[in-house]
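As written, the chains take the letters A, B and C, and residue 1 is the first residue of each chain.
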């Protein structure tokens, strides 16, 4: 009879003063009865701006996910056979936060380290850099500029452990904790669980944000999920159960919103376009989107309960390959507009003392026409024939 | 006959290109004749924002002091039986300076790493963030914003060594050097000696600041000594030979200064109150203060020569425990007001080329009613019946 | 028969996830037939603000060059018998970029780490801190303050290798790559080769800057080569084939430009003086300058093809020794004036997509009167009797 207790290994613990540099786990040793070979590798990166960065690679036998504990538990890339989830940023290394100054370039220094497939934006705020005269309730501190996309991507995990179920389906859970905290400021914990099932063509991210301060606190979370070539290409499409879409800016409104869900070939000097969306959900409250390639035989799908992540943002940056040819699929608590704009629209959520916000995303990788078609059909089923309202006024969205 | 030479061990030396990661010293080996067991442990912290931080813990057999060379030789905490000198900051790790941006949040980014029991503020400036149009004499450099509490707490020690007297009283000295330097800027050295005597219920900090530049230079030093629960509690008191006290701000003046020396229970949303004081000294020029708990059986006392540290600031931050329930006892060269305010009041000291400023503080831990009473009596003796002037106008202090 | 292939060793490679901490190479093992003993040592520095900095010291049997891969491949110092190329900065350690905030002190935080003999300024911009409303072509990003001397000196090398020719003259090449890159920003690579020949009284720096973005991009490169005592002293001189010289500022114009090429003894409170120059070149397009001491028996010479580095700046900072007694000899693509000034003067160069800019400098160390005389004669030969125009209007230079 197999042991009922899961296998557990601590990888990082500030409490235990522990951070394993190099660590390997082999599925054959941990789950000898599991028919699918899987593995986990923790590595410390060396050289250049990646010196001292930790990564954890989990291979479930079908796909491999590379997590960056040092950068807020973001995901560098996912490899699934000949499909790579990721993009080619002009930033070539996984940059240690010590090399990032978010204030640089008028508050967009965050971009100096931006090359992940998945990077979280938040937690106190996320979105465009701006002045925000709003004071944190607990602080007599001066208001200060909010820098692009918040702090969480440049904070290292304080705790990290792996847990493996020793019975079928032998799920592997990577649990991490990132703390965004200071004095006279919000005190928000991000607890994240990445779950892989050996052999599966996808994985799951489950995040919980908890307000550890004594006072109600605004917060925000945006999953900046970024896909480049070759899946992104001329003729690639976003399949989504869109209820309402609007351009974020005049630039995005160019072309009258025709083809907002279609992608162009790389174009030198392309200026980014951003679209704001509300999506339909099914009866269980789930929604789903998919990026599919031109031939409709490769896809990346994201499915999530819509309630905690009601806003969906599409970032088109089909620039020259040298400059970062990429699109961002971005489920969020709200839109990445300046916080005062979001607050005025009533979209900035709050957490009471001790309250938590939970969100999750199921990531799927489609590697055939039938996969893509099945997923597209499911997404159409979510819309269920309901209409899409296409707004043309920048920023006008519910 | 015991050797007359003290035992010496270098722990850190930039000159020798040395920084021991993990190092242990056992009193039984170094001072076999010493009846009290003592020990020293240097450790490198791992994980989260504490990755790469060095700490040195010295246990004198009665109490244990944990020094942070990486953070300007601050003291994380002191453990003495069931008494802990320290507080519970929302900042949970000993944060490496690489994760601190003092400019964050309009110049209060220093708070992102603030959780020490003792942290020095200085050396070029300390106090509230402000613009200061005053130029450094040697510089054609533009004036720049002064950030909260200066640089010294986020500079690592360049030299660190331990020296142990091999004859009674077998004193242990931890000597460190932190350099605050740049080009076209002040060049100030902090040499610090922490002295413990095996078995003693206290310890001593002796600091020397030296102006290494060729020109006269303003400077400042504030010991931000922070105590939380359980010693801090409703009914806890500050015992001090106060000559003159004034509120720093309108907020501190609330309540008409009644009970400025009494502490309240944790209160959600409490806004900090700061009091500025001049203290009486005894004939030898010594002054002393004590924080005592409500039952008057636990206390923390600080005694120091008043001349180099003539200003005393009391910081009350009796906020919710989750947000940092703490008071700061802060001997300083002057008050932590914006430097232009301090300069206009004639309170900013200067050092000539090569000149040094020496200060010292004796820390005592009271663990019984009789300890507390004896210390309180000594402090009353310093005042010697002399009056306390209670000012009510914010900032009006000599 | 000796092998024709050179010896190669990778020291740092972000691609291979490699950064050797301590590494030694002995000429006797690599080039047994080489009559001059040489060696290479890579070391990781420890303690204070130098913790984690890598240095590579190459000794060619006559002189020793100490390179700092962690600081943009700058050169800390060169030792040649009793001659030291270098200076004594108030900044005493080789500072890790994690401790540098370029925005500090109104944009001159770069100075917090400034103590190299040779430090490159650039690559996106170099020169005085300023606001520059000019947008990068690829960016919708806000314009931002340009900080002193650019980013390159605080970026670590991503690749580093040594290559040794196994046949006479057994040249040693240290090859490095530093990447200055972000999203929505310039993407510039610096590839640098430092070449030493065993036994030679000099060495060669060869740099190539390549625009990796898809769009034309402004750039700049200034070699900030800094020499202090004892070579710098009262009576030391700059020998240069000056075609045109002008003061950079009113301060530099003091004294009517007489003696702009002579150096004074250390002077407390000296305010820096900067001179802008165009130099003559010989028929092959080479120019050369030399700093010589008062006795004309010690010298430091720089020779370079003038086309890629047409501007020469002389920085006099003959301040008190405690504050940094130093002069800077600074070949550059243009002058270190605020970029808008340089742009308006048509001096800011551009690189097209994929285009490279190559520059090189031959460094010579003169250790006798005859060395100094021979070099001075060569420099006079470059001028060939052509005139020097001495401008007196600050900033008025071609």
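To be clear about the criterion, a residue touches a chain if its C-beta (ideal position, glycine included) is under 8 Å from a C-beta of that chain, and two chains touch if they have at least 3 such contacts.
Because the structure is a prediction, the values reported are computed rather than measured.
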Angle of rotation relating chain B to chain C [CA atoms, steps of 5 degrees]: 120
Same or different contact residues where chain B meets its copy chain A, judged by the half mark: different
Centre-to-centre distance between chain B and chain A (centres being mean Cα positions), rounded to whole Å: 42
Residue numbers of chain B (touch at least two other chains): 52, 98, 101, 103
Of all residues in chain C, those that touch chain B in their complex: 43, 45-52, 89-93, 98-99, 101, 103-108, 111-112, 114-115, 129, 251, 268-269, 271-272, 319-324
Interfacial residue positions of chain C with respect to chain A in the complex: 12-14, 17-19, 52, 97-98, 101-103, 137-138, 140-145, 155-159, 179, 181-185, 187, 212-215, 353
